[in-house]
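Here the structure comes first, spelled out in structure tokens, and everything after it is commentary.
Per-chain numbering from 1; labels A, B, C and D assigned in written order.
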Amino acid sequence: MPNYNTMEMMVTAAARELEDGATTAVGTGAPCAAAMLAMKTKAPNLVIMFEAGGVSPILPEMPISVGDSRTTYKAIMASGMCEIMETCCRGFVDYVFLGGAQIDMYGNLNATRLGGGDHQKPKTRLPGSGGANDLASFCWRTMVITPQDKRRFVEKVDFITTPGWLQGGDSREKSGLPKGTGPYKIITNMGAMDFEPKSKRMRVISVNPGYSFKDIQDNCGFELLKADKIVNTEPPSDEELRILREEVDPYRYIIGR
Amino acid sequence: MEVLDQGIGKLFTDPDPDHAREFFRKKSRKLSNKLMSLQKAVETLVHDGEYLAIGGFGANRAPIAACHEIVRQGKKNMGFAGHTSTHDFQILCAGEVFNRCDIAYIIGLEARGLSPNARKYMESGKVEVTEWTNYSLAARLKAAAMGVPYVPTRNVMGTDTFKYSAGKIVECPFTGQKLMLQPALYPDISVIHVHESDIFGNCHIRGITIADLELARASKKLIITCEKLIPNEEIRRDPSSTVIPFYLVDAVCEIPYGAYPGTMVYEYFSDEEHLKEWISVEKDPEKFKEFLKRNIYDCKDQAEYIEMHGGIIKMNELRMKEFLLHKEVDNA
Amino acid sequence: MPNYNTMEMMVTAAARELEDGATTAVGTGAPCAAAMLAMKTKAPNLVIMFEAGGVSPILPEMPISVGDSRTTYKAIMASGMCEIMETCCRGFVDYVFLGGAQIDMYGNLNATRLGGGDHQKPKTRLPGSGGANDLASFCWRTMVITPQDKRRFVEKVDFITTPGWLQGGDSREKSGLPKGTGPYKIITNMGAMDFEPKSKRMRVISVNPGYSFKDIQDNCGFELLKADKIVNTEPPSDEELRILREEVDPYRYIIGR
Amino acid sequence: MEVLDQGIGKLFTDPDPDHAREFFRKKSRKLSNKLMSLQKAVETLVHDGEYLAIGGFGANRAPIAACHEIVRQGKKNMGFAGHTSTHDFQILCAGEVFNRCDIAYIIGLEARGLSPNARKYMESGKVEVTEWTNYSLAARLKAAAMGVPYVPTRNVMGTDTFKYSAGKIVECPFTGQKLMLQPALYPDISVIHVHESDIFGNCHIRGITIADLELARASKKLIITCEKLIPNEEIRRDPSSTVIPFYLVDAVCEIPYGAYPGTMVYEYFSDEEHLKEWISVEKDPEKFKEFLKRNIYDCKDQAEYIEMHGGIIKMNELRMKEFLLHKEVDNA
């Protein structure tokens, strides 16, 4: 029985992706926890940005909203949405962390509606893009944190809200989105995936302790590729867990989910 | 200009800057006293069928008092800019105020969950929708603020969000790149909540401005609600801090705690209990009806609403929370 | 012998054009003096804007630059160039006052170079548009204050820096500039001109005391039209002169020229 | 995208946002100490042949000390953005620093007259020019700041200014209107003078911002000169006042009176006598050479320059003038 839960594993794995001196756009929840953990471990110079305008706050606690007061607490700048989005569009922002109700093998995300049919009278309406489409278009590397689940990892999303590699191959670059951007890694409770460089199909690169490639494939609605060498994810260290539990999320808003 | 692709969504507003110019030409530029009650401002400036936009970011510096007043006065058939819209959206859905909506972010309440009633309304078929993104809508307001029919951006392309938008894709004549053209959005009427305003409508905002500076400039008519009125001398003492100048503004309403139960940065934090109550009560239509009657329809104004939810004692608690003073008190 | 000079006459005539509650973009010099005089006489609610960012200052003295400290003295707003220009482009600004080295019968202005030939090696280089082209494109009514002089009022300007009615008729509207904008009145030391509505040719509408239509035509390099009724400009009143001399320009920076 | 008309002027810079993105991707985003001498900043960041832009508005909050240093170090063959450029332009012409120029406003000194030497330089055939307007250049910077290859505007069309520009006219696919497309301008290196900065480059500016916020964002490299260094805590105490964030900045140089002999709003007014001296001495090439030797080439830095022109006593006078205190003193 591990001494950590799946959310702690995901947040830790995500945090490890962020190198010192990088910039990242973050939302509420797990991405924010990952950014905070990274700053308190290996990336003290990580620059975090919130799409509503906050830049580099000293986060005193988890924000409830990407526009609430915590996002500008002792911040470097309290700006606006265009400022942040255009900073991303100019190429200044390395990472963005996103989620979504559905994801396909090219990393396209759906946050608009479930079910086909009449868009004007949807079966299940979801919130829509928010800033996700923008950030995934502009930031260099899109990271996704999401539970591994057949209903989420689907052959074809009902609606491409946010661009991944679109139809794979060079379709993303041909679409007109900025060069060199795209989905980078998908972090789930069972492991991590990247994308095979040519086809841009999702590919398992690591498995978390207690899981196998087969577990990931069994909880995925499409065929996954396999990296030449699939590594075993290091479990969260005692130090990572201590910081996460004591400093990042003491009220367990995220890691208690 | 050859259009390579275009969305099938409906453009709910006219992007023509010459038409907007004709409107703005007639708008008064006098430094006149625009102070009035919020009731009067909504009565005289918000009309059925018009296109409405709301400032702030959902439950952050949003003009909640004005959203209540719009519902209370039973405004209907409006267009709405569903831009970073959360608790404001929830309120306007409760009143079924609009029947068409430009969508960037709706029905969700960020980390708080989703509004069951707003979702139901958006699934009812009563609302015609066009899809955008947060930056797309901000860029559309920016185009209007610049007085041009569109600005180009580099998002949205390749997605279904584009397909259901009213944007167009063209090739850049300088670089050959594909560009998404975001048509200018001139709302008929907007409401923005600010920290301070003088009686003429010169405004100070602290903290993030979201898309409100663009919105103020894009809007044909603009209602300002403010936490505090300040004398004009305060504006003139530091003109670098004026973010909305008076000539954009049609009405100024002093509404202390006007963003409650949302957050007003440097003033008060959100009332999470009351926001949870909203979500929870929406699950039961009968209870929700009664809740709306009590909190909106039978409630005179924001002051009475605040009194109903703990009055000044609660506001002081939320002020403690805003400045994290509750932690200092706990630690002392 | 009149009790005022030609600059005082021009400034007064220009000031009278500004109605209360109007907005105007102003530069340094005569336009600024005219705006100040208007505010101190018939148009206390005149809103003045400087292209560098100043809005509605309480001008303590004549600015030397459209960006100097006086342009934001006790001002309503200290903004930036895009803010002012875009406010004009949105249709919020009624008037702009301009000058220029040359003007033609359609009110086109030259502030770029004198002489034809190689643009890369001009005979006489002038400063260029600055904000003049922008303001004349965006503001509803372009006013020009300039001395009446054959070398200034020319058949064809060497370079159209700033748009008047272009080639006359509907050529301005066809060019793509915002609808309903264009040159409104030309104020000189000898009188005032507007533009005949159809042809857009310059037309004398008033003559200043001591001058005749012939004086104006003799000092103009092209044929002027005549309004059906040419009125005599009222000379500056004692009160206008007192305010201009004592309050607006006590050091005679402008009216002493 | 069908181009209806295009200017014959040369585009001196690359408007492609993907190329700029590749540059910005590699630019450090670390909150690191960027404090250095102006001499070192100009040595390491300003290179012959690059495209230069200068903040402020001619003789208002312009980085005059940096212009002197650029001339002192003999930088050559640069491109230059002649945007609202007056005394800064005069200085750079004295050093014959650039050989190509985007022109909006040059050689003139507003109400002060014209620079004879700058005019001579611009009539010499040594400088290749493309014509624009103040807003066109601001809009070009804005496009770069937005990360797009152009923005549309509604000025310039129909004039020779357009003919000698590098703009293009197209038809709007939404409204059918003609639009002027302003290609993005990404300067290689810019210098902006501000009131306050921390050692990382987080800046406060008071008064008008002119086009400096766009310029800071459009520039590949950026030198900040500031009147005063402030601690980072001051920045974090009021994040709403940060107008240039650190990640845009490559060097921070503390230069008190760095805009002298121009105006620094809320600090000191312009030294009109010295500015007149510049114009007058330019009329005599021999005298001008000697003047430049004394004031720039043989002068160590801005502090020595200030000492030469009256030192702190003069600066105090200019401060009195800035706040109109000399009038109060006269009236007392």
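What to note about this one:
FYI, contacts are C-beta pairs under 8 Å (C-beta built on N, C-alpha and C of every residue); 3 or more make two chains touch, one makes a residue touch a chain.
Note that this is a predicted model, so its numbers are computed, not measured.
Counting C-beta pairs in contact across B-C and across C-D gives the higher total for C-D. Rounded to whole angstrom, the centroid-to-centroid distance between chain B and chain D, based on C-alpha atoms, equals 37 Å. For this pair, chain A with chain C, the centres built from the Cα atoms lie 57 Å apart. One inter-chain figure worth recording: chain B and chain C are separated by 40 Å, centre to centre, where each centre is the mean of the chain's CA atoms. Averaged Cα coordinates give chain C a centre that lies 28 Å from the centre of chain D.
Multi-chain contact residues, meaning those touching two or more other chains, occur in chain A at positions 54, 72, 78-79, 82, 89, 138, 178.
Under the contact definition stated at the top, the residues of chain D that touch 2 or more other chains are 17-18, 146-148, 153-154, 177, 179, 206-207, 239-240. Contact topology of the protein chains: irregular, matching none of line, ring, star or complete. Chain B meets chain A in the complex at residues 56-61, 82, 84, 86, 103-108, 110-112, 114, 119, 122-125, 127-129, 131-136, 138-139, 142, 153-161, 164, 169, 177-180, 206-214, 263, 265-266, 269-270, 272, 322, 324, 327.
On chain D, the positions that touch chain A within their shared complex are 17-18, 20-25, 27-32, 144-148, 202, 217, 235-237, 239-240, 242, 245-247. In the complex of the two chains, the chain A residues touching chain B come out as 28-29, 51-54, 60, 62-69, 71-73, 78-82, 85, 89, 108, 112, 118-134, 137-138, 159-163, 166, 171-172, 175-178, 253. Those residues of chain D that touch chain B in the complex are listed here as 1-3, 11, 15-18, 146-154, 168, 170-175, 177, 179, 181, 183-184, 205-207, 239-240. Taken in their complex, chain C has these residues touching chain B: 20-23, 45, 47, 54-58, 72, 74-79, 82, 86-92, 94, 138, 140, 178-180.
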